[in-house]
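Once you scroll down, you'll see the structures, which are given as structure tokens.
Paired with chain B in one complex and with chain C in the other, chain A is shared by the two complexes that follow.
Coming up: the complex of A and B.
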């Protein structure tokens, strides 16, 4: 790579990129008003524009290919996963021999070899392993993730990089656009987020339906579907019998086999048909069906938006596209709206309130509320308060030593923990890299009787 | 989903590799795919993106027909080429690099132009499952279209230029049994219960039940009971049909919820479900118009020795409807999940299942009878095929396509185009542009605006091409100069991400054609990446 700058110079002048040059160096009637057609645009893509691809799976592989073929040369990719046999029907940068290797590393190596001059830098780690200094270096972040938590975390990170002046005006140069793709079977979506400007992931949490959970009583006493029998073995029978002295590993055939057998027994006992090994796998691993074609479509839509954003050649998508090719080919565009009370993107200088009915509520219940509430949908909230200038941890599940020390608080009422109307609590959660400050709004007895 | 889905834990490597897609189209869909041989004409960026998703999915084989040698520009848009291969045959290298994706797939390349191949080997295309072509000239499109229409082989013609893409499917007839509809209403027959179901319902007395039993009775029972009660109250032979009547049925059901000593209604989730189900679960037994149309289709009524299994089974179903079915389709036989105790749910589920098996058996006997009358072998259609067909009878689909050659040579398509063009934001304008582009290419043997200094003069020529097309269609005027300018500034450029979008979409259309699952487009698809919009038009 020592002569990279000279090879780039040669590259952008060769015939190879003639296709791109035509749309970037010629004026057109539908270009963005601010678009200036010139060779400088392609030079910018090739020499300085820096893109982060989050996820090197179904969408990630496609995104890397698309971006490399659209002239981007400085691309980073993060993925903590390794390659599995069941990835090969769509994650086209991986081969049989790559099984077990890092997705990010294999993908980067493949792209760099196929598209000379392109420099994909792999990061075989978690998104949480990097701090704001890392994320700040990119012009655009594009996500191909299957986890809502990870999406929200990246969203929260990009929001935390925003800077506001003394008049609460957003500094536009601090905005890093986020392009987000998602697929499930033959359905998918692509969206463009301008943090602080347009609807963010947390503004539209209702768009990501929570995972189907079967009621415990159904699983335990009135199973009707084969899924109920499998769930029973998974959540009740396994912990009780602990057959292999380990928690369930969805990739271990002996584990799956055991669940398959026990679920089949239970199904027979209740006269329920349809427990198959494939279904067992699907339920235990929460498998989402996936095909190459949908990933190709959605990643392409995302890459086109990255290209538009980086070159200003066209107006970007405003701001959400739905795709579905079950019956013909269907797309639908709409503008997701910013939620003025969004926990993630409301400027931190403006306080956020959480209304509770009374401070007789137990801490455990408050935590459950943060997990169940459609506006919070938290994963494992850790809570602290600042009382009289001192920070005190109320509960934290992620650090075992602190968990043990704070466990007994769970059963205490908020009043017993010195929490009242107006108390500011600080929440840490897997869904955000930031600490969220919330002011509790608890009506006093007087107020309640006035109503 | 499939009767072939493995019940034993010994999963093959193959079923592990394809697991995520087998959950969508089943082992039988995969088998159809593995049996298919797809032909691509021209290994452009778009062409290889189409094949890519087929190769990954495990299509049996592909053949690329391409007489071009690899240029610098090709390497900039087709990911399945590398800079070292410049000057070599484009189809061959693309084939090699695509084959790396999946060792299960066979592939070969014919280093010959379509034109030459059609002359030297006119029967070449007759053995493929589907032909897909990119960057054809108007003349090539017409020749190929005529040939494949006659041979009854599906053809998809695609184009990707600048920010615009299109795909046009030509297929004489495409029938789908498993269309996998989303949000399908359950087939419960509460308005016309079959004898065993009626008998079951009749022996239940909701009023005599203890709370626990009451709250664990499946909503189908509740809905049936209150529907009957409603009919009696309203002296009506059919159930509620309008909003007001449905609301009154809901109220009636609500009144049946058990109450505590203070008179407050208890929580009975099954009653809540029954109230919600009023909207979709009663009076849905009537045969949908789209299915009536299929059953009354000429191909269904007038079977011949050459009739395809789809039509023979459809005829058997038609006969079933008119005889044993008393005007209804064979029962689907599935029951959605609902709040209930296991015994009650499983008992009712079994009733639906048994009746569906009975219905399917009658249809199967009728199928065998028809096969004998038509002098077709008995084993042409299996019992399992008939069962599947009966299960999906309310969502089967038939697409009758049209020939591209007709679209290009007859001029009676104008009315549709004119109407669509009048609405301000309609992608039909790009259909006209792409047809204009075909015409331009036929006349000048190049795309407009290939060189910078030709953009302006080519806009004038392109406008003339479009004017001529428009007048051939019998339309009067056309003033979409901005669009002409936009198409000309592309200078024939192909953008990779636009091709990747279209390639993914087209490859799934091919999978639909091969597996005969899910409904394909009918028949022209346009993608505008500037606005991220798509549209489908039927010619």
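Coming up: the complex of A and C.
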């Protein structure tokens, strides 16, 4: 961000980028059919293209290194974690002295010092700490995460940034591509998501294997595996004895030691072998051992996709690549399909607009309108809004304890309920398979007087 | 395939995108739970209680069985729905101390659809039915409270007696149960 344009000009004309120029300034048989070669492309990549890297762990370190070496200069990185000794074998931007420091901050500092002209901006926080204005500034988001929840959150955020015109046509300039890498031991995947156009994370949730869950009664009465003993301490004994007056922190050695001790006792009692501190750590933190080479391959594929997206020089990966290097090397590419019922991105989850005459209308009248309107013809709509991140139930007739507490809203005007032009209302009704969102369009006084 | 590059260049200088996008899309969990709650269709023996009607993610379900061993009792379950719902099941605990083979004294409930057999197509409604079924057909094969399960398997009369004692408030063995009659 702070680079002066003169240094950029100097940079993009230096020999350092000759290899990129060969790709970007000449046509070729493998080019994207609409690719126009020009020096402008490299200039864009270096001077305006803004990339967000989510995660500064195993994949994140590789991604930051790759992107910086490719010429991207405006990179942000988010990670809420701090550096642990066990990261150092593969997260090569970190050294022993960095243990305990923020991954994002150390990684950014390393890259900025090592790659001249590159400006990585670190964010030592959670992805949820930023709102849509933050995410909207990026051209491309690339994720190296180990959590499905975080992936889904980013996916939902990018879907929410899409805008549609009055004919419900997607405005392509509102699309921020998401490149998502993932690894689990010797297995990895890289995928390209064009929110609103191609399969999103939620469309393909079944691809993410659920965590191993043991039946509670097995854990409690008939344990057979060392994992059963650890799960028992985690799920039953910890909440019961609450030894440190806190919930389990998988990074706290005193917590892990307590679980290790209790799980060993239980294992002895049932004659089960194999409870070790490492296994405790693995079960509690749900760790799958990370393999450096898998990270490197997946990150390379992701960084290449970022490059292709940013320059349009080549068709992007379409759209899901699987990689496995446990027995030789295996890759497979297929096109994950959009799920028409996806809760995150299905076309019907595009908010619909409902025109009202004024926000002096009462909530009861709005509900009546939803029931009478030929477009909706609802039966028992339950309404909620999300105002500044907080959910509020406006009315729900079907659940007595909610009905009693929200009944008085019926007589209130929409303006009194903080509902205005552009407010998005969530509506659940027996007539639709999912909750739908409706954006109210209420003319302001100015518009009305113009008409 | 769209060509994003040229579009992006126009977009740069970041004028905010119009209309939608101004408001964040509700989370998938929130959308789904709103649907689940609005469509709750419970038998007359079951009730819900929402301490905060704006918070659909945390609530209680009260079950008053009208037949079986537990007829006349009143049992409260707390439901906590997480951000990954419906990919993950809600966390359900029994807040009423109960003498039951599949519910331990800490309120852990052994019901397959709450753990290993959970599927995103299941709903809050399915769980409530599952819980209700536990009171009609306690299952000694999958015990969380081993003592209760053994009694149920070996001496149904005694089990029935013990349940009655616990419901009315009293000791079963060395464990005291608070009265939980309707």
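Convention: the second predicted complex is superposed on the first by the 340 of 451 C-alpha atoms of A that agree within 3 Å, B and C clash if a C-alpha of one lies under 4 Å from a C-alpha of the other, contacts with A are read in each partner's own complex, and residues count from 1 in each chain.
Simple rule for what comes next: contacts are C-beta pairs under 8 Å (C-beta built on N, C-alpha and C of every residue); 3 or more make two chains touch, one makes a residue touch a chain.
Remember, it's a predicted structure, so these values are computed and weren't measured experimentally.
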{"item": "Contacts of A:439 with chain B and chain C, given as first, second, both or neither", "value": "second"}
{"item": "First, second, both or neither for A:167, with chain B first and chain C second", "value": "neither"}
{"item": "Chain B versus chain C as contact partner of A:357, first or second or both or neither", "value": "neither"}
{"item": "Partner chain(s) touched by A:247 [first = chain B, second = chain C, both, neither]", "value": "neither"}
{"item": "Which of chain B and chain C A:303 touches, first, second, both or neither", "value": "first"}
{"item": "Partner chain(s) touched by A:41 [first = chain B, second = chain C, both, neither]", "value": "second"}
{"item": "Chain B/chain C common contact set on chain A", "value": "221, 315"}
{"item": "Contacting residues of chain B [partner chain A, same complex]", "value": "5-9, 11, 13, 15-24, 45, 49, 52-53, 56-58, 71-73, 75-77, 79, 82-83, 100-103, 162-163, 179-182, 216, 337-338, 340-342, 345-346, 349-350, 449, 452, 455, 482-483, 485-486, 489-491, 493-501, 503-505, 507-509, 511, 518-522, 525, 529-534, 536"}
{"item": "Residues on chain C engaged by chain A in the complex (per definition of touch)", "value": "1-12, 14, 16-28, 30-32, 34-35, 37-40, 47-50, 53-56, 83-84, 87, 102, 104, 106, 108-110, 112, 114-116, 118, 120, 142-144, 146"}
{"item": "Footprint of chain C on chain A - complex, ascending", "value": "32, 34, 41, 44, 48-49, 131-133, 136-137, 139, 148-149, 152-153, 156-157, 159-164, 171-175, 177, 194, 197, 202, 205, 210, 213-217, 220-221, 235-236, 239-240, 309-312, 315-316, 318, 343-344, 349-351, 380-382, 384, 386, 389-393, 396, 398-402, 405-406, 422-424, 426, 428-430, 434-435, 437, 439"}
{"item": "Chain A residues within the chain B interface of the complex", "value": "14-20, 22-23, 25-30, 62, 65-66, 69-70, 85-86, 88-90, 92, 95-96, 114-116, 185-186, 190, 221-225, 253, 256-257, 260, 270-272, 276-278, 281-282, 287-297, 299-301, 303-305, 307, 314-315, 317, 321, 325-331, 333"}
